[in-house]
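Okay, so chain A shows up in both of these, paired with chain B first and chain C after.
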Partner chain A sequence: MPGDTILQVCNLTTQFTGPGGVVKAVDGVTFHVKAGQTLGVVGESGCGKSVMCLSLIGLIDPPGRIAGGEVWLDGKELLRLSPGELRRVRGREIALVFQDPMSSLNPVLTVGTQLTETIVSHVRVSRAKARRAALRLLAGVGLPDPERLMRRYPFQLSGGMRQRVMIAMALSLRPKVLIADEPTTALDVTVQAQILGEMKRLQKELGTALILVTHDLGVIAAMADTVAVMYAGSIVEYGPCTEVFTHPGHPYTKALLRAVPRLGADDGLVPIPGQPPNLLNLPDCCAFLPRCPLSGEECRGNRPRLHVCGPEHRVACHRSIGELQPYGEDLYEPAAGRRFG
Partner chain B sequence: MSLLQAVDLVKHYGGDGVFFGGGRRKIRAVDGVSLFLSRGETLGLVGESGCGKSTLGRLLLRLEEPTAGKIFFAGEDITAWTGKRLRALRRRIQIIFQDSGSSLNGRQKVGAILEEPLANFGMEKARRRKRVLELLATVGLEPEHALRYPHEFSGGQRQRINIARALALQPDLIVCDEPVSSLDVSIRAQVLNLLHELKKRFGLSYLFISHDLASVHYLADRVAVMYLGRIVEVLTVRGLLGNALHPYTRALLAAVPVPDPQRGAFYREAIQGEPPDPGRPPAGCRFHPRCPCVRDQCRGVEPVLRDVAPGHKVACHFV
Partner chain C sequence: MTAAKLGQPDPVAQGLLLSAAKRLARDKLALLGMGIILTVAALAFLAPYIAPNDPLKVDLARRLAPADASFPLGTDHLGRCIFSRLVYGARVSLPVAGLTLAVIMLIGIPIGVISGYCGGKADAIIMRVVDILLAFPGLVLALVIAGMLGPGLINVLIALAAVWWVEYARFVRGIVLAVKEKEFVLAARASGTSDLGIVTRHILPDVLSPVTVLATLDMGKMILAISGLSFLGLGAQPPTPEWGTMLNDGRPYMQVAPHLMLYPGLAIMGVALAFNLLGDGLRDALDPRCTARV
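Up next is the complex of A and B:
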């Protein structure tokens, strides 16, 4: 049903252990996505947004490991599934589209073979039927002449066409959740607009929930219902899209909005001073502290948790919290997730 | 008087060989471009990938040999300059590339990187050292950074080193080829502001090449829009939002995602199709297969870039 929570992530933590220490790439991330809706995840490179995507479907290889948390997809806790069970969920119930379609497509197989293969390996259908489905899918993502396209190899396609093929493939099994990690970052703006339009249309048609990860605030503004702003592995602000853009609560969100050049605005850019932090052995205080214009004594204490600052609007900042109620404490209890099942 | 001027500049690749490359189609990367850049001005050059904007930048720097056309710098025809004269020209026109990592030698310390252009033009050692420290301070880096290697810096800092190197010889013009495209949002504004400050401080002129209209809008005085090897519109930045006339410019503007959820979905107005292959440009107006206002004339006759208002040129039959 649209509006029902389809994916609930509680306290997800992913760490990489190296000779220099521990990198907490994802550090206690909690959010949910409703069926048919779009969650926009925005953050700069290295903030852990890609690792978070991979963690959701258990694609973390050593030295990385998912150190804790739960991912509930429609009544199943994904992180506790056996590798075989997880394989059946991936693609079929939750699918992933990456930024670079060239490296996710097999260069020596035709588009047709790859698409048909995806379908046949998950569903019991004949190749002929899978082929027909593949043709429909290619037409569905706005690609002209699907018959001819099926016989082509990835290198013969433009970047935009490849990304359309990836989206067709990801949606081929009608997953409940589609994760798109910077799907249009490598594309030209006119092609980006086309593809985002296609994604929005397909999402409506299929009722898929979308997790759209990007660094582009403009894309988020147009696509997302809910926004999660990530910084140094944590969600620092989370709320309805319009609310976050018009009344940002976290100093980082505010600073980010003032640092992007926008057409039509003549006011100067206010850069965020300093650099994004190194996630290696990050101290347990607010990670934005060294760059924050509002920092005070209380910021040197424990890292702020998300607090409720409006209906559905959460912010993790000591300076904004004041009397606000902590958010999601109940979600951290392992049993709580089951009510989504 | 304009500082830099291009007249009917053409650059074709391939298609001329008799042997292995003989079968290749001719790529018309830059196909008859005329533009000028005044002293102290920033000209933004926008277009999608493959439209020839970087090639045009390299032609103007004399890093590529034009197939035809002329380039004038400070009133002199530099198209055929070679040897000493070309070398002397290099200190007046510099470039900053997109990829801040690969344009710095990873085995050289930053100090040596910045010293090299100075040594090339005969500055003695003691003065070079002093100049390096000066340059580092100018771009907001610390003196001790001279002793580090490029890999020890973040992308934004590396771009600062590139800017410092470009400034070393006190050029008149810097070609900035997508200087902030690979940088993070929070760092992008730092570098854009730095470029803006340096321009005022040293009276620089920029050719600012970018696919990002918002950055161009922020930094440039005038904008030239390129499509498939041709300039389709030139206008002032102030007129960009209200007065842009070419359907391609308008499509580009409409496709820019604006960080404002109340602006409505930009993707609804997206034009169809992808930029065509520059080896096989469409007949007539090159934009006609994607143009929402295409008419019969557009399929046969290529429009010329003509003045529609002072300082505003458009290449379209129907504006």
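Up next is the complex of A and C:
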């Protein structure tokens, strides 16, 4: 049913143990997605977006491990399933589209073989039937002449076509949740718009819940119902898309929004000063502290937890309580940060 | 598998093999190698019709005779027809080499795949065994094993397989390690493909073409090794005509009748060379990056 919570993630924590210590790539992430809705996950490179996606379906290889948390998909706790049960859930109930369509298809198999194999490996259907389904799927993602396409090798397709094939493959088993990890990052802007439009249409048709991971705020604004802003492995702000964009609560979200290039803006890009923190042995204080213009004494003490700052709107910041400012007020003096024309 | 179910040729396999065959057809040296191999294979297959004489018939009156009309390459120290023995010898060398290689691949490829794909302890244990075996000179170890098992072609096969599988295990493991990290394998896992499915559908196809090349090149080495062990008296036993045994038989007469060693030697060298030429050609033909050359 649309509107019902289909995926509930509680306190998901994924760690990588290396010679230098423990890297908390995902640190206590909590969110939920409703059927037919889109959650946009945004954050800069290395903030744990992709690891979080793989953690959701238990695809973390040593030296990494999922150290804690629960992933409830439609009444099932995925992280407690046996490897065999989890394998049956993958693809069938929760599917993943990867960032790079160039390398996510096997170069030595035709598109048709890969699509039909995916279907046959999950559902008891004849190969001929799977083939017909594959043809329908290819047409469904807006690819012309599916018959011919089935015999093509991935290298004979453009990036956009390959990503469409990947989406067709991910949707082939009608999963309840589709995770798209930067699905359009490797594509140019016009193709990106087409693919996103296609995904939105299919999502409406199939009622799939979509988790859209990106570092492109424009994509989030166009696609998402809910936004989760990630920083250093944690969600620092979470709320309805319009709410977060118009009234960002966390200084990091505000800074991100200010760093988006805009046509016609005369003040140029305002970068966020400093570097993202090293996730190795992160201290128990606010991870954004060294870059935060609002930081105070209380920020050094303990890590801020998500707290309510509006209906459905959560922010993890000690200083934003009662300090919600409408978007647009200057947090950074242009002179303080470097300016990019 | 797909082809059989649909009842029509698999366009995938056809497309790849066809382009590879086209590239191979342009490689003159590889064609020469293939020609030699096919000729020898045909000779072996049709030996009873081609051989002018009985390869086992002893005629001491004609011993060490030079070539003439009825004995095209002369006779050996027992008066047997050398040409007939060479032709019948191909019936031993080629199939035994092929069979040995098949056994080696049957052992080496699965072990290599397990080692590369599973990793961890299994990999560590298998690779230490491989290291130990690789630390010995292969042919010497095979010699020891064949010596312990006693003479005979089957024992030569066992001895060679016992030392040679490690090369394939290590080779395949390397390829599997590289392919395993590719994003399409992660994508396949994310869509719920089983480990067996990933290995058969995504990893083995990448393993097969380099292994084909290695196996073709190794056919030459295999024929040399079998001939070598036979030369030392461990392989085919007299009076079976086998090239290595023939070399050994001719050794005492090298001064007076060099043709006893010359012709079997040429046969061994020719076939080994032919397999090397074909192997080189196959390596180029099966490498998609060489497409530009066509």
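Assume the second predicted complex is superposed on the first by the 319 of 341 C-alpha atoms of A that agree within 3 Å, B and C clash if a C-alpha of one lies under 4 Å from a C-alpha of the other, contacts with A are read in each partner's own complex, and residues count from 1 in each chain.
One rule holds in what follows: contacts are C-beta pairs under 8 Å (C-beta built on N, C-alpha and C of every residue); 3 or more make two chains touch, one makes a residue touch a chain.
Note that the structure is predicted; figures quoted are calculated from it, not measured.
Partners chain B and chain C fit side by side in the overlay (superposition on chain A).
Annotation for chain A, partner touching more residues between chain B and chain C: B. Once the two complexes are laid over each other on the shared chain, residue contacts for A:24 go to neither chain B nor chain C. Applying the stated contact rule after C-alpha superposition, one finds that A:318 touches neither chain B nor chain C. Using the contact criterion defined above for the overlaid structures, shared-chain residue A:164 touches neither chain B nor chain C, since it reaches no partner.
In the superposition on chain A, no contact is made by A:32 with either chain B or chain C. After overlaying the two complexes on the shared chain, residue contacts for A:89 are found with chain C alone; chain B is out of touch. Shared-chain residue A:98: touches chain C; no touch with chain B. Contact with chain C, but none with chain B, is seen for A:118 once the two complexes are overlaid on the shared chain. In the superposition on chain A, A:110 contacts chain C only, with no contact to chain B. Of the two partner chains placed by superposition, only chain B is touched by A:245; chain C is not. For the overlaid pair of complexes, the smallest distance between C-alpha atoms of chain B and those of chain C rounds to 6 Å. Across the complex, chain C is touched by residues 54, 57, 59, 87-92, 95-96, 98, 100, 103-110, 113, 117-118, 121-122, 127-128, 151, 153, 166, 169-170 of chain A. Per the touch definition, chain B reaches chain A in the complex via residues 48-49, 154, 156-157, 184-190, 192-193, 211-215, 217-218, 240-241, 251-272, 274-275.
Residues of chain A that touch chain B in their complex: 44-45, 158, 160-161, 188-194, 196-197, 200, 215-223, 241-242, 245-246, 255-257, 259-264, 268-273, 275-276.
The touching residues of chain C, counted against chain A in their complex, run 2, 5-6, 11-12, 15-16, 182-184, 186-194, 197, 201-202, 205-206.
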